[in-house]
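Shown next, in structure tokens, is the structure this report addresses.
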Amino acid sequence: MSALLEVRDLARHFAVARPGGLWGRRATLRAVDGVSFDIEAGRTLGLVGESGCGKSTTARLVLGLTPATAGDIRFDGVPVTARHDGDWRRARARMQMVYQDPLGALDRRQAVAEQIGEPLAIHRPLTPRAERAERVAALMDAVGLRRDQAARYPHELSGGQRQRVVIARALALDPQLLVCDEPVSALDVSIQAQVLNLLDDLRARTGFAALFISHDLKVVRQMADRVAVMYLGRIVEEGAPDEVFHAPLHPYTQALVAAIPTLGRRRVRTTLRGDPPSPVDRPPGCPFHTRCPVAIARCASETPALRHDAGRAVACHLAAATPFAEIV
Amino acid sequence: MTDATSPARRDPEDADRARTGSVFTTKSRAAAFFERFPPAVLLALAWVAMTLVVVAIAPLITPYDFKVMDLRARLMPPVFAGGDWAHPLGTDELGRDVLSRLLISVRVSLVIAFLSTLIAATLGVALGFLAAWARGRTEQVILMLIDAQAAMPFMILALAVLAFLGNSLALFTLLLGFYGWERIARIARGLAIAASEQGYATAVRDLGASPWRIYGRHILPNIASTLIVSMTLNFPEVILLESGLSFLGLGVQPPLTSLGSMVGYGRDYIQSAAWIMLAPAAAIVATTLSISIIGDWLRDLLDPTLR
Amino acid sequence: MLGYTLSRLGRAAVTLIIVVSLAFVILRLTGDPGQIMLGPDAPPSAYAAFRRNWGLDQPIWVQYLKYFAAIFEGDLGRSMRDGRPALEVVMERAPITLAITGPAFLMNLMIGLPAGIIAALHRNTALDRAIMTVSVLGFTVPSFVMGLTLALIFAVQLRWLPSGGSDTWAHAVLPIATMGLIGAAVIARFTRSAMLEVMGQPYIRTASAKGLPWREVVVTHALPNAAIPTLTIIGFMVGSLVAGAVVVESIFSWPGVGRLLVTAVANRDLAVVQVILLAIGFTMVAANLAVDLAYGWIDPRLRLKPTPTGA
């Protein structure tokens, strides 16, 4: 049975002008460069990586908010386009996004209840007013907002409450896929836990599939059934969260995991050398080899493919040398 | 010994502060009221309110029908220059009562200006939003139209159109509706682009809203205050334009009368019966001044970043 | 700089095309251009020649192109009043209009600029408030009211100046004064706000804190930076002078292009109207282009090539 969301060789390139005005050289910014994954119905895929690795762009591509330069996206078997026509608008009822900045995603001049009910107004305009109000109230309860906050405006709520409003609005039509783009990064740490728990509960109750994007490994670990690690627009490792975090195969993942602060025993820190290269100046071969502590000659010339084996995947010449089962 | 001109004496607020050490002042309620509504603004509001009343009920309050001629009472001076209360503002060269004509003229001029401003606002917002939404070539074309309109003095364009296409009242009002649309379009486009970059417009689009809904229910309410201020700046300029064209005899045609055409007719009698010209001229200046004052005040109130 | 100049030239060209197109559209809307351009009394052979020249039997886009050609050749019809070529009739009046708009423009600058600068430098004092109150008149008093009021005071009551005609230099005083005062008021307001905006910038405070005498701060730092936005208003003033000339010339019976336009409109002498529309269009585009280029020359940010940043 095919997955709910199938992504194959997704790419998004931007043509950029180098500094130098009219005479600057043209270069290609490969924000997303050949990404493939599946998300089954009801499952969550976590996408991790540092800033600029292409996670947010992937999110926008998957939903058809931005047009892809290459690749194939299928939602429930139907290709996803970025043409914002009637079909695309109707498809919005089945896939939604939760944003990083809740204040920016809400209209300052409308009460939150009205905004939560807006998807209903758009896609089911014939619903009687009372029924719509009931649904909005139910959504507010589900995300943990009080009934009396219905008439509030976004700037009158706290950051966590605003994000709840955004989540309620996203879930108004029971979408099958929810894409969460750094949904808690803008919130205080204590609130982050609340919102994450809320998302977890909602997922358990309503059963939506989710693409969960974050730069924070801990967050992804809690939320995801599978984790994919992105670097410079490519997936470099994929697997179950516990496996990826306890036994990372790719040197980049190893460095990420090692950087997580832990209480107690000291972990060996693998510090990466240098700065992340710009996605415009992609190094030849493995994109990571310039910072990799264990790079060999082959890494500079040959780009490693993502090799799948026993539920895990990694794109590294060294890791591919041994069967995964032995490492784990 | 404190000098009579020392700061503590001059500013009662500072005196309070010096005395009690508190930052709460004993500004009187009147002073607070006048700070919020400066006297000039109050006067302006009063005048505008009066003109709105006139617009609404002018035909009901004119002492005479404004068209009625009374050749026995030609060129009678106003009551403060030797006339009598039968014609408080005097009569014109055909014996028509100046006050009645003034009231009707105010109504005509203001209604035309209001309709024209509405047309300009609608046109400006529509094209500005279209440019912001479509981007690309459509936007470039609209920007070029805005530039071209901004380059030409509107009076010349208006005269050319009036020459070629005649000057029925409907055409005249429609023509005036093309005054100022380019400024409103520029503002609307800028604000719409800023709004769509702000995220809430993108978010609503991601919900599946049609462009009509995005622009109509979200962007427009958010920029309405700025647009209204622009409209109040446009309004007096349309009045001036209409008066100018009517003054030249090319705007409002008889038997209808407008403030500009009254001045135009009064011009021939500037030596003998200057009041025919002065009454409408004063009305023009007072009205445009009031609306400008209110517009400035609204702008400072709502959006200090707009110049 | 080159790129800037080219883009401004391009914009000017596009605006010109739009103006000419507008004239074309209006012209075609009103009926037979032959009748309009040549008048009802021309011989049939003249109509035939006209139809050929302007391509009136051919598709509309051919007529459009031929219209452009006609403009370049200056063949734009004849005035209905005396049968002379419309272009000639308009051009001979142009210097008469310039005789009052030129000095009025100078008056705008010579009164308005200093007034605005002084008001800005003495912000919120009685002087500033006085200047601002008086200058509000520039926005709210229409040119015909100003003109008639000045005529009433100086020509009728005081009898110092004549109220109409163009025989002596004294006749020019009131028209120039009308346009000069109104424009000066507008420039004063605008210059004041431009100066205030510049004076509020941190670098002015820095210059003063460095110990520069105030006069030098103003002259070296504030004025040049305030000159840039003021240039745009000067471009706008040219347009409003042109529009003002129409009304002022009518009031004072000054036989310039403005008065010609009004009488032509009233008499439906459409060939003349068309020529004036095009002539003023070209003038305005040229004036705006000059302002844009001056802008580019004065503002170093536009003049110098942007330096490459970083590695």
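As written, the chain order gives the labels A, B and C, with residue 1 at the start of each chain.
Here is the rule we go by: contacts are C-beta pairs under 8 Å (C-beta built on N, C-alpha and C of every residue); 3 or more make two chains touch, one makes a residue touch a chain.
Being a predicted model, the structure only gives us computed values, none of them experimental.
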What chain lies closest to the overall centre, CA atoms only? B
Which one of the chains is farthest from subunit B, going by Cα centres? A
Between subunit A and subunit B, centroid-to-centroid distance (C-alpha), Å: 52
CA centroids of subunit B and subunit C: separation to the nearest Å works out as 23
For subunit A and subunit C, let me know how many angstrom lie between their CA-based centres, rounded off. 57
Give every residue of subunit A touching subunit B within the complex, in rising order. 63, 65, 84, 88-93, 96-97, 99, 101, 104-110, 118-119, 122-123, 166, 169
Looking at the complex, which residues from subunit B come into contact with subunit A? 198-200, 202-210, 213, 218, 221-222
Across the complex, what residues on subunit B touch subunit C? 144-145, 147-148, 151-157, 159-165, 236, 240, 243-244, 247-250, 260, 263, 267, 270-271, 274, 277, 281, 284-285, 288-289, 292, 307
As the complex stands, subunit C meets subunit B at residues 11, 14-15, 18-19, 22-23, 26-27, 29-30, 136-137, 139-145, 148-149, 151-152, 156, 163, 193, 239-240, 242-243, 246-247, 250-251, 261-262, 264-266, 268, 270, 273-274, 276-277, 280-281, 284-285, 288
